[in-house]
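Next, two complexes with chain A in common: one pairs it with chain B, the other with chain C.
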Partner chain A sequence: MTAPPYGPALDLVTRVRGVRGAMLVSGDDGIVVAEQLMEGIKGSAVAALASSLAARLRRAMEAAGVGASLFWHLQCDQGGLLVVPAPSGVLIVAVAEPDVNVGLVRLELLRAAEAVG
Partner chain B sequence: MADEIKTLSSQLAQDPDSLVFLRLGELLRLKGQFDAAHRVALTGLERHPHLADAHDLYARILADKRDYERAFDEWDMTLRIAPNHVGALKGLAFLYFKVGDVGQAVAHLEAARLHAPDDPGVAQALALAQGGGSGPARAAAAAAEELAPPAAAAAPLEESRVFAGLEGAQEGLLLLDAKGQVLGGALKEPHGRDVTEAVAAYLAGVSHEAGRTAKLLGLGRWTGVAAEGQHGHVHLTPPAGDALLLVVRDRAVPMGRLAIIAQRAAGAARRWLEQQA
Partner chain C sequence: MTTRAVEAWTLEPLVTFVKEASARLVLVMTSAGQVMAQHGFSRAVDVMSAAALGAAIMASTDEIARQLAQPPFAALNHQGDRHGIFLGAVTTGRGKLVVLVVYDLDVSSLGLVQLFFEQLTADLQAASPKEGVSKQVLAADFERELSDSLNTLFGR
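Entry: the complex of A and B
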């Protein structure tokens, strides 16, 4: 479990039904800043991959002229990874089950990003 | 051409949702079989009512049949769906020339030139309309001749185009391989600059990483990445193997609709990749 001040921000996300865990990840180097994950999820590996994917997406989206990424969702057969970059560059990451309310997770991720700054 | 018509007819019979109706309708039109082309286009439109190229095809057939009023409506509809559709801009220019409204015709041609600067038909029609050496009326008539739909078939749907017939095929759809090499489609940023190669390069490896992430989390197969940007939305899909399909639209297109567009484009990409194999 994570010590304050990041706990409340992650709580916003993990309290949504169908969310298996949430993390704050340094966007620059993919290191876990804070996490609340269910057992069995390899936080550091997921963080590294999420950060790498985020960087590729950011560069591609900027090149395509659609501006910086505000939210992205990796959709999979059995769930998904939902990510919002905070203004500081920290990524707020949620691991979700397939039937999760994506709209609600997105809102809570945005609120968490605001709280993290 | 007859063989091709036969093949396409059989493909369409096997898969009525297929976009081959666009090519088939165009071939029938070029062959002068307007009634058959009309039927094919109308059936296609019923199945793909939001497909800009389907409305464009139908408009050209109507123009061939000299039903200019309905052709105008169809080209107008095409532009509502795809505001930069060059075929529709040329078609409307042709109709405006027909009724003698040279100003509107030239405005549409200029818009077409903006999005298809290398289109010789547009350049020539503009030169004729603006030249007016033999009088504006004759110049307009010559320009209309230049743009007349049978000549407009100068832009037939090529089978080699992955996304032939899909909205945004030349500006918002991109198919690439795992190494970031472009397989088809094109991408333009909002100011019209071609950014195909740059975006493709940045997306190299995304398919692999998305797959690894999904595996690591025990989430099964990855099916897409939907991303929201400040000025637009993007959707990435793996249509087959390591290939990656990117769809980009402005923020006015909701994410859910973008997913549907991506699904349709992925189907086209899959068929095309299978043909190449």
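Entry: the complex of A and C
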């Protein structure tokens, strides 16, 4: 059995200018699977809260009858959180600066999700 | 669901933890199984059983760690189909306390419980009286003390 390519998957995201860190988070548990974060970002807190939010968003999407969540972006005044759920249930999370190229980060998050499986 | 405490200083940290972590049941007890606060239990017999079992599990894992020449395990988690059980230890001015948390997997997660358990630990440490351990319960007084505690924990 080959280990999933977690490091290279995160590299795809963190190489984008304006990304302050990326994480793979177990969607069910809210636990960090792998992370590449700049100093000062509380990875375990972001992971726990992002997974809780993802679970609630999933229910909201189901209730609205619009299918599964593919990508979400929370824009804040000092940055943002961008998340793509992988088919395995792992969340690929990026913490970004406010002026980041959201389209490029989304693309890399989707590629990372494909790599993680 | 009601949150009640035998020792008042444990109440506010516990209420905050329950709210933030969306915990279903919580017990704060001494390592001997003496309950200091509870949330969500409706029957005294359940509190006594959970406290005894939680304290026994912590004692067992402490012994396993001792035999492995390791420091005691900081926390334990058991995950079932619908619920998770988390056991963690907190060192306070009143000695070592054990916290037992039961959470529903569809409203909370291990990550959330771990995250807010760190906050609970800090809050309990800050709130605990510093004058040393609480008085020993003598065998002769045990039944009365237990009865008083359970009355407080269930608002009787």
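Odds and ends about this structure:
Everything below uses one rule, namely that the second predicted complex is superposed on the first by the 113 of 117 C-alpha atoms of A that agree within 3 Å, B and C clash if a C-alpha of one lies under 4 Å from a C-alpha of the other, contacts with A are read in each partner's own complex, and residues count from 1 in each chain.
Simple rule for what comes next: contacts are C-beta pairs under 8 Å (C-beta built on N, C-alpha and C of every residue); 3 or more make two chains touch, one makes a residue touch a chain.
Predicted model only: the values in this text are computed from it and were never measured.
After superposition onto chain A, the partners chain B and chain C occupy separate space and fit alongside each other. By the document's definition of touching, neither partner reaches A:Pro87: not chain B, not chain C. In the superposed pair of complexes, A:Asp28 makes contact with chain C only, with no contact to chain B. Taking chain A as the reference, the larger set of touched residues comes from B, when chain B and chain C are compared.
Residue contacts after overlaying the shared chain place A:Met61 against chain B, while chain C stays out of touching range. After the superposition on chain A, the angle chain B-chain A-chain C between C-alpha centres rounds to 100°, nearest 10. Once the two complexes are overlaid on the shared chain, A:Ala45 sits against chain B and chain C alike.
In the overlay built on the shared chain, the residue A:Gly79 is in contact with chain B alone; chain C does not reach it.
Between chain B and chain C, the shortest distance over C-alpha atoms in the superposed arrangement works out to 9 Å.
Chain A uses residues 45, 49, 52 to touch chain B in one structure and chain C in the other.
Contact residues on chain C toward chain A in their complex (touch as defined above): 79, 105-106, 108-112, 114-115.
Those residues of chain A that touch chain B in the complex are listed here as 40-42, 45-46, 49-50, 52-53, 56-57, 59-61, 63-81, 95. Against chain A, the residues of chain B that register as touching in their complex are 187, 189-191, 193, 195, 198-199, 202-203, 205-206, 209-210, 212-214, 216-234, 246, 248, 250. Of all the residues in chain A, the ones that touch chain C in their complex are 25-26, 28-31, 44-45, 47-49, 51-52, 55.
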